[in-house]
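I have a structure I would like to understand better, so I am pasting it below and will then ask my questions one at a time.
Letters A, B and C mark the chains in the order given here, with residues in each chain numbered from 1 onward.
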Amino acid sequence: MDTGETLLLALDLTGTFAFALNGALTAMRVADVDIIGVLTLGIITAMGGGIVRDMLIDSLPPATFSDWRYLAVAAGGSLIAFFLGRRLSHLMGPINMLDAVGLSFFAVTGASKALAFGLGPAQAVILGAVTAVGGGTLRDVLTKRVPNVLRSELYAIPALIAATIVVVATTFHFYGLPIALVAAVLCFAVRMIGVRYDLNAPKPPRRNLGG
Amino acid sequence: MDTGETLLLALDLTGTFAFALNGALTAMRVADVDIIGVLTLGIITAMGGGIVRDMLIDSLPPATFSDWRYLAVAAGGSLIAFFLGRRLSHLMGPINMLDAVGLSFFAVTGASKALAFGLGPAQAVILGAVTAVGGGTLRDVLTKRVPNVLRSELYAIPALIAATIVVVATTFHFYGLPIALVAAVLCFAVRMIGVRYDLNAPKPPRRNLGG
Amino acid sequence: MDTGETLLLALDLTGTFAFALNGALTAMRVADVDIIGVLTLGIITAMGGGIVRDMLIDSLPPATFSDWRYLAVAAGGSLIAFFLGRRLSHLMGPINMLDAVGLSFFAVTGASKALAFGLGPAQAVILGAVTAVGGGTLRDVLTKRVPNVLRSELYAIPALIAATIVVVATTFHFYGLPIALVAAVLCFAVRMIGVRYDLNAPKPPRRNLGG
């Protein structure tokens, strides 16, 4: 494994860890879960998006599920949340930042893998976003909440931007590590700007609701 | 593509459009979703049933998901809901009718595809109904509702009738376009009668509940 | 089919029946479901865990879904719940016991099947538990509850113990019918002790929550 691959693996595992930690903390905050719940929901947050993508593109068993390193890192992040819990609350800044790293990474690798399995461009963009946001969506459903990603914040949109860059670059044959990094950094930046300035995706025009 | 195939494709896309429009309107009515939520829930309502069926029969990637025309029509229906919203409320009659077209079509094509993939008769009936009602069920779960199809109305039952006709006709070797149309028309009629007279599937005998 | 196989099939169908009956009764108690809902939720409770496992290990169409005997037994259990309902309430002792038989059986056969499909040891343990508890989890999501298995009781833990025994024994080449029975009996015993003494899995340390 050369330096580039080691770096990619490290970033991917970092994202997995951050998703599990953040997912387990969210689950503990919104539902009265026990250790099985914390572990399950942390792991599902971290790996659920990739698992759904792999089911849809028929790459089974799912890649991260089969690789013990991802399972171990996801379980570790969940257990840290279980034992430290609220004491991590003053670290939410860094945790949100690591979560954005995961979002960016998963969007890029998700879109890229979908293309490699022969899916079309629109499908690859969607699957990039599914990889990035699918795990948190499953966690929210299991803790009886309307998934955050469907309601507020800029969470799916940066993932869709990154996945679109990957797909366009691949279509025009100039995709490579530099473009992947550009896409990931842009996703990260949009996500962090959204967190900082509390931006949301557009809601339906108000005159069209209720009644 | 001959006229028959064009007609089938047109009906199938009509159903997809109606499911997406209706699904997105329902999502906007019951949850505080943003544009990502409206698009996601509209597309899931339209294509979720077929995707679940294709996962279970191992026909991956799922057919409608791979075909950009279905994605485009589903996204279009969702966006119309997003921008017009309440102003469509006086069109709920025609929208319900188009939705019943989708229900009928998906039940027939779903059962038929399951048989073509070698599933048994009971399985094909179930998968016909799953194709027809699965997307709306997923939408309801994502918007934190007990799925309507499990609680009230005549929605699964007409789909099960149509799927059963397809399976019986195929088993006795007289399945063809005429039978498919009979099954779809019957499903459509039962569904519309249910809507018109507000009929529901039977509930458990009351003396057996609560306590 | 020799006596051993007949016994295994009988135990497996017994577990399927108990899961469907118990799942349908739970669904009727917590949600206002109709006959479609009772049937759907009973069958999903009974077969959902195995279906999720088979999707993840790429054994499609799912085994129990393809075998009409499992479908028939699951539908039968659900219909008994629908028609008898509350009158079964004085039988909850035996029903809980049969449910524990299902839990034990599904954990053992689930882990064993995952290993046979080449999954690693940690993955096989997880999939054994998923087979045992996945159906009830899906039912709870569909009836808008945070799944019980994530919150309380000893339900996943006995399944994880049984699956771990199967995996360890297989790894060291002494797995066989006697070990399978030991694993199942131990799972059953831990589950019944948990029911009897109202034991729960550990919660997060209280000082780490809320705020």
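Throughout what follows, a residue touches a chain if its C-beta (ideal position, glycine included) is under 8 Å from a C-beta of that chain, and two chains touch if they have at least 3 such contacts.
Which protein is which chain? UniProt says A, B, C = Membrane protein.
It should be emphasised that the depicted structure is a prediction, and the values quoted were computed from it without experimental measurement.
Contact with chain B and chain C alike is made by A.
A rotation of 120° superposes the C-alpha trace of chain A on that of chain C, rounded to the nearest 5. For the self-contact between chain A and chain B, the two sides draw on mostly distinct residue numbers; the shared fraction is below half. Chain A and chain B have CA centres that are 30 Å apart.
With touch defined as above, residues shared between interfaces to two or more other chains in chain B number as follows: 55, 58, 141, 144. Looking at the complex, you find that chain B touches chain C at residues 55-58, 117, 119-120, 122-123, 126, 137, 141, 144-147, 149-152, 156-157, 200-205, 207-211.
Within the complex formed with chain C, the residues of chain A that make contact are 28-29, 31-38, 40-41, 51, 55, 58, 60-62, 65-66, 68, 71, 82-87, 89, 141-144.
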